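Listed after this line are the structures, all set down as structure tokens.
Presented sequentially are two complexes of chain A, the first with chain B as partner and the second with chain C.
Then we have the complex of A and B:
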């Protein structure tokens, strides 16, 4: 007679909060930061449409210490988001074969991060130049 | 007394035991075995089975990370017992559990039936683009064409990637990283023409779409197969197939 009685262990309900999954959860949460930043910009657009008074209020909000701290936090989250995004990039595409050999994933991530950083710098310079 | 001088160094193993005939649920049992510098976790388990408790059950075969039988959770991480040396683990007791996310049959032995069914479901063989007779000669392949799928053919079916995958834990019907690596091994082969047939097996939540790109499967893989890459590049293929199926003859139903 078979003694089989397979036992299924329940998953920990907090698996996402502990290593090795914590970095993944953090990465996914930075998506919320991206959404919040989008909302801040959208809020500015709405204020612009409402008229000069509302837009001045928006600018005053941007200059407030709360807004500056918020933007620093959002920037940190965005940087983490970008880096982890490019770390995931090689996983999401077909194997790249260069000179008959698979192109190293790490190199792909490095190039993407450098291009991303370069584009951001150019954007920043354009923004500074336009805002002069 | 000379006893103190010859006292051997020991290592403690805390092993999750489950004997279906007598145990209601799994519980930890503790064993102390003599420690040597070159000892793997598998050798420690074999020592327990040989000298302390012959009822301890675990799978093993090749002892050299080729057969994929001895996967288990070692200190909470999915690893091959033969490939994990005790000296590389932090000091103190070593915790050993059966692979996460699989039903436990007995002690460290888990059910593999569902995994085998998944492997069978993705047509794990070459479906030639153009059938050839032996007289017509072999199917040729350049080194670059080989490199396009070679790493995926290194999979040893050890199921560590499934134990690493929280989405497989949440949805046992998810096809999972290992079977997807095998799928990509054939879909990426220049001689193969079965891409569409395999793609039809991986749509939906039980196909590739349970994956949220956690990536831990590729980290624990003892053969650097990168199953996360196999799953995620096929999300693109699945999405393209969904939107372009109307353009394919006989595609839209």
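Then we have the complex of A and C:
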């Protein structure tokens, strides 16, 4: 039996909605957007397997104003995810030493965001080229 | 030497791999994917609406590489989201841990299994 009675700082039930935790909550919420987009593709695959009729229904959904607005919101969340993901990158990496000096975290984030934007741009251009 | 009790090993690292892989995949290609499949192709702007027609989608899903791409995107995006949503709900003390696990990892696992089955069902 433990006699310890450690002090627990009281937390309000809505701590996650207030600074400084709000930034953390917003970052984690991008996971919802990533998962929703995965589900959208998943339901496309379900309709594809069900046949042309079901897949036409899926395409009609994708062309609905609701879906377009949803995807614009998903896109905004995804861009926020890209930025925050690469802001975390230097913290999860083993320390990088270049020329005997630690590589600046901000520089690593900047380079990684440019690489990520480049990957997306190349994929977009390939799709436009294939779709000509 | 028996005073050192072997600590129970956590299985959390098993969940970090798909979380990290999904996070990286979506950070590199996510914006373009959403633009292509959800905005440009449906509206016919820059891409023809036939880009994701039934025939094209079926050909993509029947190609072995296409299957791999679809499985990677769907499964890893869901595992990534599941990890973030689970940890956030856990921190918010939103409910019993087992329920939270079913609602997050459970959904990701079910979607992964069904995706594999569907990719096999659409044929080669």
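The rule is simple: the second predicted complex is superposed on the first by the 123 of 132 C-alpha atoms of A that agree within 3 Å, B and C clash if a C-alpha of one lies under 4 Å from a C-alpha of the other, contacts with A are read in each partner's own complex, and residues count from 1 in each chain.
Here is the rule we use: a residue touches a chain if its C-beta (ideal position, glycine included) is under 8 Å from a C-beta of that chain, and two chains touch if they have at least 3 such contacts.
This one's a predicted model, so the numbers in the text were calculated from it and none came from an experiment.
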Check whether A:108 is in contact with chain B, with chain C, with both or with neither, and answer first, second, both or neither. neither
With both complexes overlaid on chain A, does A:42 touch chain B (first), chain C (second), both or neither? second
Is A:116 touching the first partner chain B, the second partner chain C, both, or neither of them? second
Which partner does A:16 reach: the first (chain B), the second (chain C), both, or neither? both
Name the contact category of A:71: first (chain B only), second (chain C only), both, or neither. second
Tell me which partner A:28 touches in the superposition: chain B (first), chain C (second), both or neither. both
If touched residues of chain A are counted for chain B and for chain C, the larger one: C
Quick check on my understanding: which residues of chain A belong to both its chain B contact set and its chain C contact set? 16, 28
Sites on chain C touched by chain A in the complex: 22-24, 26-43, 46-49, 51-54, 57-58, 61, 70, 73-78, 80-85, 87-88, 91-93, 108, 111, 114-115, 118-119, 121-122
Considering the complex alone, what residue numbers of chain A touch chain C? 13, 16, 25, 28-42, 44-46, 48-49, 52, 55-56, 59, 62-63, 67-68, 70-72, 74-75, 78-79, 81-82, 85-86, 115-116, 119-121, 123-124, 127-128, 131
Residue numbers of chain A touching chain B in their complex, please. 3-9, 11, 15-16, 20-21, 24, 28, 88, 90-95, 97, 100-102, 105
Residue ranges of chain B in contact with chain A within the complex: 18, 20-21, 25-26, 77, 100-101, 103-105, 111, 142-144, 147-149, 151, 164, 166, 169-170, 188, 212-216, 218-219, 226, 228-229, 232-233, 235-236
